[in-house]
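In what follows, chain A forms one complex with chain B and a second complex with chain C.
Up next is the complex of A and B:
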């Protein structure tokens, strides 16, 4: 194999695929990136056996072939090379000679035959969305997923393609985030899947602002194809809990609050958080909301926010992190907080198809 | 107000109890702990045994090599506990401010009770005499203005000692100066090495050291702490209410173990034991910790939060299991341990979205309580998991007694 490629193009492609490369792995081949040279382009692939990422990039292919090279090392080398064309020539022992300007490297690779097979982007149906829209959906939900490995079905984002809609949900059992987006697909293509959090993060990192995203699913795998990139992943097997039942049908009070104001108030009061004191108290009084926190060994913090409110006085305590998460991932100027009492779920909404349910903390 | 703190430490407690109850052992080297021919360590050595260089935490096999004629006895926790309670009751007659440090030692704050029992030294003498007459055991005591000095003092004239630390700062400094830095609480191998490399061997040399220089050898924080102790300053209170901060259990394998299933089974038993103690103290745990010691003594710990905090065996076993599963068994395992911390009382503050989660937890918690009750009345053999290693051991007879009516 012998190729010639501009530094910037190779670096961009390597950066798109290298996140999935495990630093600690028992299989050396998984530290490597598979490089396949075809007609006028090369294809880079990495995998950790659960997730794989493929990125195609134009290159001058002087001699076809394939090899695998250590991904992180190659990436750091390419980053430091001068901005010029890089020539990579690989011999039949998978040793690569890299020339760029006055720089020369010889890098030991491993045979492409050792690289695990990668499943193709295929499936009976294809769901087509805008890249930016899908990325926003993930950004507004993925943070709510559980990291508790004993609850593996919650360690990801639930995607439900139904009634010409994609509903995306994530929950850790204490709060839940949901977004909806209209998507067209045939009725027989309705499907539910649980996407691992790792892949959700990878997609948020790699998806562009616009352009088409095509999603395929087959045999408990899902493939995302966009631009020159294909991300393929195992799905989480299991039954996602019935999230509909935890969404309150109706709350007694509804208050409009400026998102930025509430967000910074919460951030400020949570500075007195301790291991024992983790509850932020919200008191909705006449035209004002008081956010406060008291930690026995530290002190207290209090913020007062003007609001339009004339309902009954409401007092409720939340884990401030659970409120900060959705607020910082939304873009709306104004959000609505819906509450009933201090032991019932609270709801955060805004003027997009977004919904966030969070359980209060019991305080004496 | 000037404080008077006593530290009372029983002399070779376990072996003294044995020698008291079995007169034929008096004057003989006695070792309580693991049998001489098995893996395990010495828990306590009588003064006769200590003359052979035997000390607690020494492998029993080594103790045997040093003194083959020593009498090796298995620990009898019940009798030690009974003696400990008797001694505790004696402390309570003198002051309510008692902080037990372990089964055989305690701090007593006797400030303000002098008008009842006399000065610190007189109180210490009365306590020692009472212990001797009521339990036939001897204790050593230290009398000082603070905990650090009191503990140091009780150790100075063992056995049956009584050391009074002077009150004036100058006299305290002079009292400490000739002592080795290793006598300072918290100075172990790690702290001692750089200090000794810098030529600091005694507390007097430490006193002569300025804080900036010391901070460059250690950390600024420990430098300040150490200097204060070197001058005999310590303002920690005698803490009467000792709240448990963590609970853990360990198991040392008779032979290093490479069998994943066996390690897992032992770990499950440890988790059950931790759970039982957790429930007995009406606590919930927020953090689980796994400890593995490989062949060759290298030890690792791995932890994970428990959200919400739990106290049932099922959740604890699941956490233990998961921690073990994430840890590749690179070598045979010598010791496995499981512990919990971040203990809280009462139900968790954070409510759960899904009703089922709470119901399941409640059910597991109730079931664990029922198991506790059955085991309390009928012994561990009364009910246990089929996979339990405790299952393998023949049931102990005393555990099979009927419940009291």
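Up next is the complex of A and C:
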């Protein structure tokens, strides 16, 4: 194999794929990036067996072929090379010679045959969305997923393609985030998937602002194809709990609050403690909302926010993190907080099809 | 005035004395009656209980039945169909043989025996009260025997007083039933308590034991067990043994059978411990259902009047058999179905090789550096006067430590210094464990190795985390400011009757601890909120740990005085166990938090959290100093 490629193009492609490369792996081949050269393009692939990322990039292919090279090492070297064309030539023992200007490197690789097979982006049905829209959906939900490994079905984002809609849900049993988006697909293509959190994070990181995203699913895997990149992942097996049952059917009070104002008030009051298990107290009075927090060894904080409210006085306590998470991932100026009493779940809504249910804290 | 002449006691007095040995409580009545039914070849046994067995213990079987003469003889003392002379004692295959059970039970209750043989036109009904025959008559009825024992100890007030609450007696009864149900998986059995069917067990087929275990304890329970099978040296061992992670604080869930008889022997306890060698911590006990079969001639069951213990003629063969059976079952400790599906193939492949000496306590720091472990900057966990740590004892002084690569590793030292430990100044200097430390690595897939200013420290992160949680929780508890986080979906937890009873008695304390627990009827509980400190814990696990604590603590302490701290300890233990992977950042935070506790050197249960070795000590060991 022999290729020639501008430094910037190679670096960009390497950076797109290197996130799944594990530092600590028992299989040395998984630290490597698979490089395949054919007809004016090279294709870079990395995998950790669960997730794989593929990125294609144009290059001058002087001689076709394939090899694998240590991904992070190669990426570090390329980053430091001068901005010029890089020539990589690989011999039949998978040793790569890298020339760039006056620099020369010899890097030992492993045979491409050792690289685990990668599933193609294919499936019976294809779901097409806008990249930016999908990324926004993930951003608005993924933070609510559970990290408790014993509840593995909750360690991901639930994607339900149904009734020409994609519903995305994540929950950790304390709060739940849900967002919907219109998608066109045939009725027989309805499907439920649980996408691992790791992949959700990778997608948020790699997806662009616009352009088409095509999603395929086959044999308990899911493939995301966008631009020159394909991300493929195992799905979490299992049945996602019936999330509809936790969404309150009605509420007694609905209050409009400026998102930024509430967010920064919550962030500020949280500064009085470093403890994770803490409660932010929200008191809704006549045309004002008081956000307060007390820390036993430090002191207390109180922020008053003007709102339009004439309902009954309501007091409720939430974990501030659970409130900050959705607020910082939404873009709307105004959100609606729906409440009933201090023991019932609170709901955050806004002008888009987004819904967030969070359970209050009680002081016993 | 007293004439202490020796005389032969009247029959009814002898029976009452025998009753004292055999009939301790309703559960022992049930045991004797079930054994009789099984010896009569029954394939279907129905048990009815009322008021914890005080009002009624009734058992119907479809066994052989008796004719009138035999029926009358059966309630005579030492009347038995099971042995003829003393030689037979050596070859016992039946369960009962001493021939005193029915007479003894009849002497302390209102007793009714209804029996008919297969093919007989009519059966016999005998009614007794306090051992005296009230009525004998012919009746019609199906083949088999029905025994009703009502008002146990009605004529022995002294013993009646010693009966415990209905709930306790019922627990014993259910335990007895469980033992018999396990011993005879091919016999259909049912247990009805106060009109409610508790168990309806179908006669087992090809997988009788497996089915019976599942029917009694549930599918989840079965999943935590591994099948055990061993045969050799005249010893046959089979059954199911619990995975090490599914252990208990005591042995109540070890169901052991020797030649089909529920029993125990000190030898077996020892063999089980040896079989789980190093898989279980000292204070934990495996769950198991184990059948041991040996030649009936080589086991002495007549050691104990209620046959609770047996003695083996060839103890070492039995012991070796049990050990071999258990080791065989756990030779592959990580079978694929115990791994959550989220775990990748690579991690799975790596798992068994990592610290196989401590499989129950594995803990992985996800992002330890691969080879160069001296990269990390120090964590100043305590800066009482702001002075930098002295460099005189540092073989790898701060100057030598290369800067850590961007984007990898712990927060910069300044972060910890400025924000994380506002209470550092509160800790008196004398108590300060050390003024800085850094994480070097991990050994045995568990212990964290730290370097500190004047030596090396090994930390057990589980114990350390337990200490940190415990103190936080306890502080808040004494302030009465426990925060509890409600759950979106309440969790229902089903307990066994003994445990349910214990939990029921302590719901008040549990609620004050921030656990939103409510009785859901039967032996189920609903948990709709958890203490905010224990966010990641699973309600089921939490309750199990608390139950164990109640079980161990409840016995020693006066009722109602079981202290909250023990329960909080148990909760923390559950919370810590639920985490088996920590990131390096978390480890560092743990060290910082631990340094802030009042008693950083032990976990709440008294085990050490840290083991310290000074450079002085190391130097001595390497012969650099004397």
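The criterion applied here is as follows: the second predicted complex is superposed on the first by the 359 of 364 C-alpha atoms of A that agree within 3 Å, B and C clash if a C-alpha of one lies under 4 Å from a C-alpha of the other, contacts with A are read in each partner's own complex, and residues count from 1 in each chain.
We adopt the following convention: a contact is a pair of C-beta atoms (placed from the backbone, for glycine too) under 8 Å apart; a residue touches a chain by one contact, two chains touch by 3 or more.
Owing to the predicted nature of the structure, the values given are computational and were not obtained by experimental measurement.
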Room on chain A for both chain B and chain C (clash or fit): clash
Touching partner for A:361 - first (chain B), second (chain C), both, neither: both
Which of chain B and chain C A:70 touches, first, second, both or neither: neither
Which superposed partner A:123 touches (first chain B, second chain C, both, neither): neither
Chain A: partner with more touched residues, chain B or chain C: C
Touching partner for A:155 - first (chain B), second (chain C), both, neither: second
Partner chain in contact with A:48 - chain B first, chain C second, else both or neither: second
Colliding region between chain B and chain C, picked from 238-246, 256-264 or 292-300 after the shared-chain fit: 238-246
Contact residues common to both interfaces of chain A (with chain B and with chain C): 26, 148-150, 171, 173-176, 241, 246, 275-276, 278-279, 319, 343, 345, 357, 359-363
In the complex, chain C residues that touch chain A: 340-342, 344-346, 349-350, 367-370, 419-420, 422-423, 426, 472, 475-476, 479, 481-489, 511-514, 516, 529, 531-533, 535-536, 538, 578, 580-581
Chain A residues within the chain C interface of the complex: 22-27, 30, 48-50, 147-152, 155, 171, 173-176, 196, 236-238, 241, 245-246, 274-279, 296-298, 317, 319, 343, 345, 357, 359-364
Residues of chain B that touch chain A when the two form their complex: 307, 318-319, 322, 326, 328, 342, 344, 347-354, 356-357
Touch list for chain A against partner chain B, complex: 26, 148-150, 171-176, 241, 246, 275-276, 278-279, 319, 343, 345, 357, 359-363
